[in-house]
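This report refers to the structure that appears directly beneath it.
To keep things simple, chains are lettered A, B and C as they appear, and every chain counts its residues starting from 1.
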Amino acid sequence: MNMLSSYMKLAAAYTSINFKSLLAYRGAFISQMVAMFINDSVWIAFWCLFFTRFPVVKGWGVNDVITLWAIAASGFGLAHVFMGNALALPGIIMRGELDSWLLYPRAVLPHLLLGKSSASAWGDALFGVVVYLLFVKPDLPHFILFLLLICSVAVLFIGFSVFTGSLAFFFGSAESVSVQLRFALITFSTYPSPIFQGFVKVLLFTLIPAMFVSHLPVSALRNMSLVDAAYSFAGAIGVLAMGVATFYFGLRRYESGNLMEMRG
Amino acid sequence: MSKYFYIALTSIRSKLAYVGEIGSKTIFLFVILYIFLCLWKVTYTETNQNALGGLTLNQMLWYLVVTESMILSLPPIATVVDQDVRTGSLATQLVRPLSYPLSVFANTTGERCLSFAINFFAGSLIACLFVGMPDLQLHNIPMFLLLLPLSFALDFSIYFLIGLSAFWLEDTTGITLIYSRLTMILGGMLIPLELFPDSWQQILRVLPFSAIVYGPARTFVTGDFHLFFYLIAQQLVAIFIFAFLIHVVYTTALKRVFSHGG
Amino acid sequence: MENAVSVNQLVKNFVLKKREGMRWTSSETTAVDGITLSIEKGQSVAFIGPNGAGKSTTIKMLTGILHPTSGDATVLGCIPWKERTRLARRIGVVFGQRSQLWYHLPPRDTFELLSKIYEIEREVFQTRRDMLIERFQLGEFLDTPVRKLSLGQRMRAEVACSLLHGPEVIFLDEPTIGLDVIARQELRDLISEWNRENGVTVFLTSHDAGDIQHVAKRVIVINHGKVVLDDRVSRVRRQYLREKVLSVKYADTPQSIELVGVKTLIESGHAFKFEVDTLAVPIERVMSEIMRAGSVVDITIEDPPLEEVIAHIYSTPPESDEEEGEEETDV
């Protein structure tokens, strides 16, 4: 517990300095947040149009999809507000910047993840909460569950980013692969889960764990189901564990210096 | 004229080096088109309809292939112009015996055509895999091929104008973003105009967005003559208007360049 | 007394994989080939060698970043690659390419962050920070964003960062690279002062012969992964670092310069290159002779490149103890 509080304090220190650093360019910070807001709003507009024409799709209505977007956006946003370096992991590994982090008296992974905050992620984080409050108008118990679920989704996104980013320990084109995998996760996570069946559904519970972002959290909120919420958390923790394990496995390789690769 | 063609050709040649991009574009398109397929399949089944907004499921997916290919092929026109204005390289280009707007047009359109071709090729393979060959009539294709360059030209002229506003604005990325998102939504990229609420459809058909994305895509799948002629007229009028605006804005901007010494 | 750094037969091999078309070929290269050395607490050591000699690899092993292929090392009694975090609290590191300072914020903010990373007690931190600010003269730009600072100011702040948590050993990898003459000297003075007055062991790698003379008391030369020379700076200076190279350009043909200890290396029109033995004739004397000989358009004074010095070391064996006589005081 001592260690936990120590790292909580570290997270607080980094969040504060990251925020300060973003504020140093206030204009750019705000415009990036607004840009993300606009981006996300286009999708809400699309779904509103779609559900105006087709009110119910496989039991999902417009409120469900908006809930989904709120959870995904805020979860993603939260993850990268605090641990923005998760997105930059492949680059950090390939450029040898890991060395810098190894010189500190801290566990490498959490420390380096805290090192940056993504400006646009602040837009996502805010967007989800705003949209949920404005469109779905939840009562207090739902809102509290919502907040817990976005934490779960945030953990999942971090875990997934760490997993895909750590592939850079093993092969050179990991950067573009991880961008595509992350894109796939986000995209699959923002569509009503019932439209996916069969083999794809299995895929979305495993390799691209979108169901833990779309299906289970939305279901938990619809039915105030703590069981579904627990499954969401379990999935998130699972993905995180996978990511952390891959990272430390790759780190061992890195520290023995066998990361040298040259194109002939 | 031939020198502009040469510029376009050079731009295409340099892009061919980026073969690796094709791979990632294909994966990207695969994911999007697959998800759209799932969504629309379910929708068609649930509403028990053969055609929604006048399109069958097959046509719907091919419609989306065209719209996605178009949107994804967009080169950073406004950014290029914005940078040229800010770094002053626009001023240096003025001494060359080329018209600046036309050379940017040739350059970026070459890029866009190649990008579109690649996207469309990849998207077509994917669509064939999912729904089979497109059920369109042969005459759709030449109609589409006529509308496409006009649509690119129209889109270009708007982005060019936005880029020119760099003479007066500190940051053009906001406007660029808003315009691109409006095109996505109001241009029918994600959902054809027919499925919008009826009250909106009148206005949407007049706005340039629909002429850029919805028009060519719809023509490709349904080949509606009525629509075709309307679109040609609409595009030509719009291009004319925007070209005129560019002329006005550009000459005003140039006066500014010369009076400030570039 | 335990040594600050103890290294025994440290070896590091790398496996390089090359891709040719579709096939992979791998070859092994030895970056560090059995280094043995030990450094007492409070010493100031320059660890020099040409590019690719194995300096960076050695430092990486000593700071816990890299695991060696074989051999042992301890730093302050810890095995670096096994006790990384424990050791990290007690050592400071300044790598030329790595900046701890947050670019868009003033150095003050980075200091605050470092106090949290190292979990330094508030009062201890404040005292040490204020002392560093005063000694390193950071006060004038402490609240200026780092991006606005000159390289010299930035490096002073970087070195201060590395000392904030009170390390017992500091590793500096090319700290003076890119600095102008004045900034370089300032930084060297600060480092040697910190070594003398606080007893911090200094381990400095450099490509610059000048760094050796002004910061270190002891120099270890490494080449091809092996220790080539390990001796006191005073002796090394006398034997291998006494030359300076002067490049002079005159407006017209100058009078000839005949001085003991001055050798003309190149003569081309009005441009000359002299090699001066600074122990045979003071530089001042040479300069005035040069000025007297004609109207000088341009003049540069340089240390001979390190590669030459090392080649010299290879070809000339080190002197024995008896000749040390004169050089007890170091500049």
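Quick notes on this one:
Definition applied: a contact is a pair of C-beta atoms (placed from the backbone, for glycine too) under 8 Å apart; a residue touches a chain by one contact, two chains touch by 3 or more.
This is a predicted model, so every value here is computed, not measured.
Distance from per-chain Cα centroids to the pooled protein Cα centroid is smallest for A. Ranking all chains by how far their C-alpha centres lie from the centre of chain A, first place goes to C. Centre-to-centre spacing of chain B and chain C amounts to 57 Å, using the average Cα coordinate of each chain. Averaging Cα coordinates per chain places chain A and chain C 44 Å apart. Chain centres here are Cα averages; for chain A and chain B they lie 31 Å apart. If you check the complex, the residues on chain B that touch chain A are 24, 27-28, 31-32, 34-35, 38-39, 41-43, 46-47, 171, 173-174, 177-178, 181, 184-185, 190-191, 195-197.
Per the touch definition, chain A reaches chain B in the complex via residues 27, 31, 34-35, 38-39, 41-42, 45-46, 49-50, 52-54, 56-58, 176, 179-180, 183-184, 187-188, 191-192, 194-197, 200.
Listed in rising order, the residues of chain A touching chain C in the complex are 6, 9-10, 13-14, 17, 20-21, 24-25, 97, 99-100, 102-107, 111, 255-258, 260-264. Of all residues in chain C, those touching chain A in their complex are 12, 14-21, 25, 60, 63-67, 81, 84-86, 88-89, 93, 95, 98, 100, 102, 104-105, 109, 112-113, 116-119, 145.
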